[in-house]
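Have a look at the structure that comes next, please.
All chains are identified by letter, namely A, B and C, in their written order; residue positions are counted from 1 within each chain.
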Amino acid sequence: MATSPALDVPAEPPLKRRKVSPEPPDITTQVADLAEQLDAQERKKYVKGAKLGSGQYADVFSAHLVSDPTKLVAIKKIKVGPEVKEFGISYDSLREIKFLQELDHPNIIKLHAVFSTKNQNLNLVLEHLPQGDLLKLIQDVGGVQYTSADIKSWMLMLLRATHFCHKNNILHRDIKPNNLLIAADGSIKLADFGLARSMADPFQPMTYNTITIWYRPPELFFQAQHYGGQVDVWSCGCVFAELVAREVMFRAWPETEINMVKMICEKVGTPTEENWPGVSKLRGYVTPTEFVPLRPRDQWLASFRTIGEQGVDLLVKMLTLDPRQRLSAEGVLRHEFWTSEPRPSRLKDLPRRGGGVETMGEDLTQRGAELPRQNGRADKVARKIDFGAMK
Amino acid sequence: MSRLAQPKTSPVIKRDGRMGGGAGGPDGELHNDIRRMNLDQTQSTNADLVATEICPVCKSSRYLNASLRFLVNPECYHKMCESCVDRIFSHGPAPCPIPKCGRTLRKHRFREQTFEDLRVEREVDIRKRVAAVFNKREEDFENLRDYNDHLNDVEDITFNLIEGIDVEETEKRFEAYKQANSREIEENAQMAAHEKQSFTQQQKVERHQAKQRREAARREEEEERREAEENRKDVLKRLASGADADTVAKEGQRVQLRKRMDRQAAAERQRQLQAAEDARNNGSSNFVIKGLKAKTKAEPEEPIDPFGGLRFVDSYYSLQDDYVWEGIQEAKKDVRQTAGGYDVMDYARRSLVAAFSGLGVFVADEVTQRDQVGQDAEAVGTARADIGVKDIGMVDAA
Amino acid sequence: MTQTLTEDDIYRTSTQFRLWSFSPESLAALRKQTHDLAITRARQYAVDADIRDGKKDVDCLRRDEELRLVQRYCEQIRTTSDHFKWPVHVKATAVQYLRRFYLSNSVHTYPPKEIYKTVLFLACKTEATHMTLSEYARRISTDPDVILAPEYKIMQALRFTLDVRQPYRGLKGVLMEMLNMANGMVGEVEGVDTKGARELQQDMLTLEHPGTQATTPWKAPGSRKIDGKTLVERINAAYSAARTLLDGPALLTDVHFLYTPSQILLAALHLADEPLASLYLMTKLPLKSDARPKILATIAACADIIGNFSTKQILSKAERADLETRLERCRDPSTKDLVKTHAAAKRGSESDEEVKVQKRKAAREKHQKEGDDLFGPNLGGGRG
């Protein structure tokens, strides 16, 4: 069973080689302490497969359960790099582990387990999400078409995830389309909690240098160190607009903070004491050169007609300058948009990526005693749970 | 004796499911009762009329304040204006301000009055309460006689509660029945809820279809008229160009007929397509049969719940409007914090949830139970594996 | 399909409840298991042949001695954290990390002296309090490598769960509500029929004074009934006393494994000012519910544990030194040099990478050379 212990090398494609991480046959580990035993138990549950991606900080592998090869997972192996010497295990990894362990929601990526391998590598066993992310769908203008019902469906899932985080007093602080992964059944999963943090107590300052710049709300540009869930709601609003227009709403070039503020002023309006009392007291408040009044409703409607009046109303309330007047996640969910026509698309009707991924999905989802395959569409056969009427 | 009367007074009545009380008496008699009650009121003096317009607590009148709204509390059925309710009960439960009452009232139980006569209001409330518990249906009984006997009993209880006879005794009977039948009560309540939902859905579908039919009819009419007009012009033209009058007339008629038939066929096809589309969307048939007994089959399309079925409930506290603690007050004053969007009431809420998170969780018990379940599951697992092993050894005959 | 989540349900989703809550029996059993495992190992690597053969017994620490040693270092963490002036969250998390670590590891394998600094550093990272390793190392006069070495092992022992639920914010919430109550403002609770707000305020003002056992520093005036201002003082004093209990004794006992933070903070409040705590709790629990007596009993049991703690129980310097000497004689040799193991592990991964890169490079070069060959690469096997 054990391959040579000296080679803790990830399996190379083709992926049929069965690889189990070996334990060094040392005398001291024959009576391993409980912690190690539990860890080893966890590690042995999985069979690592092909490398799906590689980055600066981590590699991602496909894997499946030893006990049930149809149950796929993704294993994110965090690299032990040179910065470890300075900080030990990185803040990002710690945050991701800490928060994902506590959150259990259908629209948040599930962290099944964590285990370690030889060389003290952290391995996060995550949900397997083969359909890529929302960004790819948005950008594939030629290949993928979607309706306003689809947008409503995705936004509803995103907001549910955000609301759940906030109810658990966690700010995600990095909501953007490439962190919204698509599951096999079509649902959206919020991922990447590397920038998340627990909501602060009064007088406890937080960093304002967070959230990817295009999705960052004005209060953070103005260096507010005390903020709440509304920062995430702004990001969600940006995603909403991007889904409609199929391009980033606040895409300043060059990507400086000044330019971003300028762009927000142009597209939403200039923040003033009148529309945002107290804004001038924020340390980073910059008085714009020319004053742009708040963009009138009919202009918003002109640009975002697809989502209808209700949709535009909601969008405007999510992209409100003053965070106190901006809707909270709960407020967004209470808006009439979700219960008005059209209904949010059902999961199985949501568009997917191109056929290539589906084929892979089909390959990896070999099951015994299958339903007969009709027209070979993997999503019709392999699906286990139908969320149907968006429960 | 039991009263079979069912008050159906003011037009503001809310029709909710079935109210216990079943077979009502002849309407005429009922109507007289009601008229008498109302008459009693209208025969009241001017003073009484004015009295309904003035808040008994703060004495402000509708004459001076057009938007004055009155609320009533089912504890003692005393009514007062909205601002009084706010003023007196916002800070917590307080005694009723009506002299000689003094019962402790809670703000969230205040609501608007549905009936003019407070006695009626009270009676309807009692009936609703009774009906929520005694919600058995005709099908649940062996025969009609049993059903009516049951209704009789229910009415006895209701009457006692309304008139204040043997209240303690009656309450005991009430509780006893409730405890004994808790499961059925729950089931029946769910069925009623389902029916109501499908009823409103059906109504919606019906309305929608009626609207469509109307519009289709209108469109057809338009078309016909237009075609007739065209045809006439055509006929005139041909006549003018010297064709035989008779043949032209017959032609004209035939053409018109054909056009109409074509149109109707097309419309029919559209309808079928629409029906198919609807069927796919709604899962309900094209026909809406009135009066059909509603089945408890769950509708495939439930209304969208934006919260996805998840409800966070505060069971140990409720958030107050403000907290005197200086930590909160200081934070509220700090512009740097408030302008950035930090809401200190979020912190208050968080702290209160934390204060009670786990208060009712008995760690020792739950952990022991959890371990036990874990062990049982393992035991079951191994047992099944045993069986499996044995099966392999079995030899297939034939 | 509605799922309702009450405050209790929210707690049940936490890893603290799922993985780190025990009944007294299961806690003892787990510790015994860890301890026995350590003793078995100690026998195996003992230098003395007699011990290995089972003729003599190994002189390891007893279970209660292990517990006291761990407790001593919990106290050490508290002092160090205060020295850095870090918020209470860091302190409490670090202490819990240490306690959890020693549920599945024995002091004989990893003496707390070598672990506690790392634990505190880890806690400061996970509780969003930033300090660089070099500064931390400098200020406690320790080598940064020594601090980093056990970090990974600690993560493993914590089963990679890093969130620790704490009672401090909850206590603040209780303070807020009590101060409001003193002001005639009450938040209504569904299902609980309390008296009117004014009445409750009166009840508070005429409340019985705390007993002699109470830890609150509040000095009751002569008369039973007090004025509003004195009531506010009483409440603040009770809060203060409870907070002190949560900071010290609660952290130095096992209550976090056996009770929930809510129960712990209410227990502390009971110890501080019992009549006040009882009055408050009465407005939260419906009189007729089954849970009520059980909750009260649970809080009382928790209060007992906290109340019975005394600082005298903490090991003195001499006692600690003594235990550690004995520990050295029978500690696990394989874990003696954590720094070396850690460095080797890191180097291991680096060298693996290097080996891979080199192999690829070699293969590339070989292929190139073969390509350059006039007659193309060799068709058969390897080249000489």
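By our rule, contacts are C-beta pairs under 8 Å (C-beta built on N, C-alpha and C of every residue); 3 or more make two chains touch, one makes a residue touch a chain.
Quick caveat: nothing in here was measured; it's all calculated off a predicted structure.
J.: With centres defined by CA atoms only, which chain is the most remote from chain A?
T.: Result for max centroid distance from chain A is chain B.
J.: Which two chains meet at the most C-beta pairs?
T.: Chains B-C share more contact pairs than any other pair.
J.: Find me the chain with the mean Cα position closest to the mean of all the protein Cα atoms on display.
T.: It is chain A that sits nearest the middle.
J.: Could you put a whole-Å number on the gap between the CA centroids of chain A and chain C?
T.: 30
J.: With chain centres defined as C-alpha means, what is the inter-centre distance between chain A and chain B in Å?
T.: The mean C-alpha positions of chain A and chain B differ by 37 Å.
J.: Any idea how many Å lie between the Cα centroids of chain B and chain C?
T.: Taking the average C-alpha coordinate of chain B and of chain C, the gap between them is 49 Å.
J.: So which stretches of chain A touch two or more other chains?
T.: Only 201, 391 qualify.
J.: Residues of chain B that contact two or more other chains, please.
T.: Within chain B, residues 309-310, 312, 327-328, 350 contact more than one other chain.
J.: Chain C: which residues touch two or more other chains?
T.: Correct list: 1, 10, 169.
J.: Within the complex, which stretch of chain A touches chain B?
T.: Touching chain B: residues 106, 156, 159-160, 163-164, 167, 169, 199-203, 219, 222, 224-231, 276-279, 281-283, 322-324, 326, 333-335, 338-339, 343-344, 388-391 of chain A.
J.: What residues of chain C sit close enough to touch chain B in their complex?
T.: Touch list, chain C to chain B: 1-8, 10-12, 17, 21-26, 165, 167, 169-177, 179-180, 183-191, 193-198, 200, 258-263, 265-266, 284, 291, 294-295, 298.
J.: So in the complex, the part of chain C that touches chain A is made up of which residues?
T.: Residues 1, 10, 13-15, 30, 33-34, 37-38, 40-41, 44-45, 103-106, 109, 121-122, 125-126, 128, 132-134, 147-148, 151-153, 155-157, 159-163, 169, 332, 334-335, 342, 345-346, 348-349, 352, 356.
J.: Which chain A residues qualify as touching chain C in the complex?
T.: Touch list, chain A to chain C: 7-9, 26-28, 31, 33-36, 38-39, 80, 84-89, 91, 94-95, 97-99, 101-102, 104, 113-116, 118-122, 168, 197-198, 201, 391.
J.: Help me check something: in the complex, which residues belonging to chain B touch chain C?
T.: On the chain B side, the touching residues are 91-95, 104, 106-108, 309-320, 323-325, 327-328, 348, 350-368, 371.
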